[in-house]
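So, here come the structures, one by one.
The same subunit A turns up in both complexes below, where it pairs with subunit B and then with subunit C.
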Partner chain A sequence: MTTGTTTTGVVRPAPSRPGREDVFRRQLARLGWGFTAPSLILIGAVTIFPILFSVIMSLSNVNVTGSGFQLSGVTGSNYSILIHSDLWRYALTFTIVYTVITVAVEVALGTLIALVLERLTVGRGWMMALLLIPWSMITVINATLWGYIYNPTYGVLDDILSHLGLGTPVVLGTPLPAIIALMVADIWKTTPFVAIIVLAGLVMLPQDLYEAAEVDGANGWRTFWRITFPLLRPTIALAVLFRVLQAFGLFDLPFVLTNGGPGHSTTSLAILGYNTMFANFDFGPGAAVATSTAVLVLIGCLVFLRVFRAQVGREG
Partner chain B sequence: MRNRRRKGWRRVFNGVNLATLLVFLFIVLPLYWMIASSLKTQANVGATPPQYFPHPLSFENYHVAFTQYTFGTYILNSVIVAVVATVLVLVLGTFAGYALGRLPMRGKFALLVALLMISVFPEIAVVSPLYLLLRNLGWLNSYQALILPYAAFFLPFAIWILRNYFLGIPHEMEESARIDGASPVRTLWSIILPQAWPGLFTAGIFTFTACWTEFLMALTFNSSNNFRTIPVGVALFGSQFTVPYGVIFAASVVAVVPIGILVFVFRRSVVSGLTAGAVKG
Partner chain C sequence: MSLLVTALAATSALTLAACGSSATTASGGSKPNGNPNSGTIVWWASPITTTQPDPRTVLINAFEKVHPNIKVHLQSAPNNTDTNRASLVTTISGGSASPDVFMGDVIWPAEFGAHQLAVPLSKYLKSSYWGTFAPGLVKGATFKGQIYGAPFFEDQGFLYYRKDLLRKEHLSVPKTWEQLESDAVTLKNKGLVKYGYVWQGASYEGLTCNFMEYLGSAGGSVLNSSLTKATVDSPAGQKALNFMRSLITSGASPSAVTTFQEPEAMSAFATGQAAFLRNWDYGFSYANTASSPSKVVGKVGVAPLPSFPGQPYPGTSNIGGWNLYINPHSKNVAADLTFIKWMTSPAAQTILATKFSEIPTVQSVRSSEAVVRVNPVLATVPHTRLIPRPAQTPQYPKVSQAIFQNVNSVLAGSSSPTSALSTASNSINSAVSNSGL
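Right after this comes the complex of A and B.
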């Protein structure tokens, strides 16, 4: 903008010398950093500094004493403990498999729900609001609720299964059913979140393409894969990114529902890190678990951003 | 467009409505089970076969949650932590979001991407160093032990939401305020903020919900009974062998209902916040 209007309506000329505008812009930029600084200081102190500290801890011998802690030496032993630990390898595999399966189911189911609700003519706002309730629910409470449903003596699931003649399994007592039970609780809570994001993307799609498809006689299935899905891909990608990162930090649900068991079958990386640090007070190896998880997340994030950006570029 | 008019029952029992009904039941049945169980007598919570409809209706569990257990304290702790952290986030986030949205700063975009990455970082990576730090400061089991980490962790997302709102406000009024000699802080306060309140609102609901539901840090930093927040209180209710489900559900209903109502009433803000990244990102 080169001219501005005062409240009295007098039009002022643009600043004649380019230097003045430059100075002004520099002032504004300085102001901008001034405005941003408090946030950056807080975020730096409470997130970036601890992350770096965690890396240092993972590379040294940590000795936690009654009142403080000591770091000594530089060592790779924490990581070698990790790599030779069957439990860490299991936790890594479990977390990856869990993330892939739950996110895949949630995205498929969430997209399906969004497609249904988009066609709904009455009460769509109410359904949207209903979808938000599982999302806003405290995960610990969600876990407790499902624990009650799965309870082997008075749980409602076993009662329903026995009425259907399927027996009364001890769901949380055997590894595979326990993992599935965990996934069901997760899917219940987070599928609505995916559905909302996809629905919001769906509503904004241009209508003329669908009219053209209808004129061409394309059926619903074809229309979805040829028009809806390609247009929705950035939206779905965003939902996937959020969900993958969240699922990779899986902690609350197994902590309450299974405590990592039976055996170690539902021990995620976060559960393992927590137990190593706060149950066994092994802060060195614990920091190695935490740091390796963070590095994996970071790599995943960067790969995703690259792929995602390339895809957006191709479409736009 | 796609809804052709049909006659009689076919209009009611079409695929879309039936599928919607399934979705509705999928979400509502577990919620029903929680509320119904909270209204059973303590003996009936563990009845076999389970009682599908609570009979007799009883508020015993609600009474016990607030008398025999200190659930009132947990709610108070959660409210204090969540409210203070949210206010802190909104104040800091407004300045940062305004600067990143409107002021000519170099390296703005890189900073925004870095913020986004921090906001999705796994908490487990920072819990142990923060724990040691807070322990050295003697801050374990205190409100600031949660307020500061929550504010820092949820600030990046709030900055993103606020920045997107500030970007959408027309520049003209700001220009004329500037020419009239208003200081930048004054311009932000009296010109920008009044137009940005929906954004503040959305960011506020998000931050509050995130603080209200956070578990790992609350469990690690504030485990003493006087400083437990609701999730920690619920997770550590009872002993390892007997879980007082009825009481927990009564407490859960009390914890879930206010935020549920908030989200329900302001669903438009929440949905626009959820999709803020999708639109502008």
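Right after this comes the complex of A and C.
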């Protein structure tokens, strides 16, 4: 990269006569392509090729063997297996409900935290550092720690609940509590992320609007809904987008905590795809799960962006 | 990066696919590549016990003493058998030559054989070698006439009980499941233990093993003999599931068993919190080793599993255990075979049986009086009645998932035995006809 800048630095002052500029620009472009080609090829190989290959696998009969995959024919049967599978429909519903609830709670909590943080004058840095601990920890480790909390024989939660006389529910062994337990762990980890993004948006807001509102005698509640929230909308939308993309790929938490159980109540699309591919060796249907999940989340995000852009238009 | 390797391997497979496969069915006569007396072997094996010293290292050291020119590197595999298998599948199908030898579950031969992920060992090893093993083990490692795994150690379900508590309450070792249930409730209600009976009820492979034992004791089966149709939705299936659920509702087992795998059940028993435990053979040495840590050293008895009234005693014990397999891409199959032959020799098997209370696979070691004397679990083995999981179908993982997910739902109280059995039965039928997720 450094070589690239130096070279362009040397080349740029050279053109003096008109007409030569085009040549130089073309040379520059060629140089640019030359420098970026290795990384482009690498990205192509590790990102684009596997994605395409996954799409191809999802449309083919795949047999895994000791020497790689054997693909034969073009078929829609992998997708028809999905559509006729109760398990896939359940995983889809679960993943959507999980995403909607966790992201909504995270955005609400994250915005509240950001508003508090913005007003903090003393110790804001410390608070932010503290807040970021859950976010900076690897999810698998988070999940293991939550596993200790939820453990039905020596877990903290079990102990607290039994001291409160609320009995000893087996949190991860009962469907609804297990789903809620995953959501709590997820919200605990990712709310700080939303808070930081919203805080970044908050500090960028123009102060004069608030001064004007104060002059007009608007109270805090009114100021929030009329000024802060509308102006923050793009920031919040960004946070939502990031979170939806991530929440839809829910894997680590159920993988560590419940293995998709009890029964199949916490089987997300990613868990289902993993099991289909790596437990059952059904790479065709597994690729169909992966591809359809990616397409669904893309469509979801596009629709969201569209709605959001329309709103921005109205604001403007 | 591994994705890239897999992807590249996949593309090369695409071009090779047209060539087709030429399976040889030679028996014991083929010559393996490499040098049988020198080289380096990477051995992939999950931890065998949690106690020290590590049996894997003990065995490797003993092997290297006999074969000083072969170096064995231990690659520790994941404890969870499904994660272990998933890692192996991606590694081997990606074309990696390492690991050379892997320790794999007894339920893998059909799946690995069907996908050519293991070397058919019967190509190289003669029938005189296979004849040294205890009956049934080699058959379990066979798929479509080829033997894929060399039986390394065997495992089965046992009932562990607290001798001291039974004596105190003048109870005998339970012979029926109902007796076990009421004894467990008695001991728990008297405040002698926190839990009565602990076992593995989480949503994973181990629950299939547990279910097979109740189902077998009730006289039922999961699949018909030609492995084409589910037979689990039967009166025996009902009986097994109703009983498993009743263990929880009667208070004999804590509702937390729905999240228990082996470590949780083992530790509840070893810390003195439970009166009865269903576990594999390592349970005995674990419970009797103070450093495990165990608080019940010397107070533990072992017996075959109980049965249902009107059915033969003992009840059925599920077969577990591990085989040694060879990676088809290994560069030194000859040395791999030397290693496998030694690991299944009386010398290695005696180490496993006497120092680590595992059940040896070699018949001469199993019936050796000197070995039986130091391994009480082994003394129980001739009395147990075995039931295998329906692992002869390459679709076994799906069959097992259908079982453990639905059984776990019943245990958690979120579905009735009747509806769970019919769902499981449908899933199993679509699994064996390879038409569902």
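The criterion applied here is as follows: the second predicted complex is superposed on the first by the 284 of 316 C-alpha atoms of A that agree within 3 Å, B and C clash if a C-alpha of one lies under 4 Å from a C-alpha of the other, contacts with A are read in each partner's own complex, and residues count from 1 in each chain.
Criterion: a residue touches a chain if its C-beta (ideal position, glycine included) is under 8 Å from a C-beta of that chain, and two chains touch if they have at least 3 such contacts.
Values in this document were obtained by computation on a predicted structure and should not be read as measured data.
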Subunit B versus subunit C as contact partner of A:132, first or second or both or neither: first
Contacts of A:280 with subunit B and subunit C, given as first, second, both or neither: second
Which superposed partner A:252 touches (first subunit B, second subunit C, both, neither): first
Which of subunit B and subunit C A:96 touches, first, second, both or neither: neither
Partner, of subunit C and subunit B, that touches more residues belonging to subunit A: B
Subunit B versus subunit C as contact partner of A:50, first or second or both or neither: both
Contacts of A:183 with subunit B and subunit C, given as first, second, both or neither: neither
Touching partner for A:64 - first (subunit B), second (subunit C), both, neither: both
Which superposed partner A:159 touches (first subunit B, second subunit C, both, neither): first
On subunit A, the residue positions that both subunit B and subunit C contact, one per complex: 45-46, 49-50, 53, 64, 68-69, 153, 274, 278, 289
Residue ranges of subunit B in contact with subunit A within the complex: 1-3, 16-17, 19-20, 23-24, 26-28, 30-31, 33-34, 37, 45-50, 52, 92-93, 95-96, 98-100, 103-106, 111, 113, 115, 117-118, 120-133, 135-136, 148-149, 151-153, 155-156, 159, 171, 175-176, 178-180, 184, 209, 212-213, 215-216, 219-220, 230-232, 234-235, 243, 245, 248-249, 252, 255-256, 259-260, 262-264, 267, 270-271, 274-275, 277-279, 281
In the complex with subunit C, residue positions of subunit A that touch it: 45-46, 49-50, 53, 63-72, 81-82, 84-85, 87-88, 151-153, 168, 170, 172-175, 258-265, 272, 274-276, 278-282, 285, 289
Subunit A residues touching subunit B - in the complex, by the definition given at the top: 1, 4-7, 12, 25, 28-29, 31-36, 38-40, 42-43, 45-51, 53-54, 57, 64, 68-69, 113, 116-117, 119-121, 125, 127-141, 144-149, 153-156, 159, 188, 192-193, 196-197, 200-201, 204, 207, 210, 234-235, 238, 241-242, 245-246, 248-249, 251-252, 255-256, 269-270, 273-274, 277-278, 283, 286-287, 289-291, 293-294, 297-298, 301, 305
Touching residues (chain side subunit C, partner subunit A) in the complex: 1, 3-4, 6-7, 9-14, 16-17, 82, 85-86, 89-90, 92-95, 111, 115-118, 202-204, 254-256, 258-259, 264, 268, 273, 328-329, 395, 397-398, 401, 405-406, 408-409, 411-415, 435-437
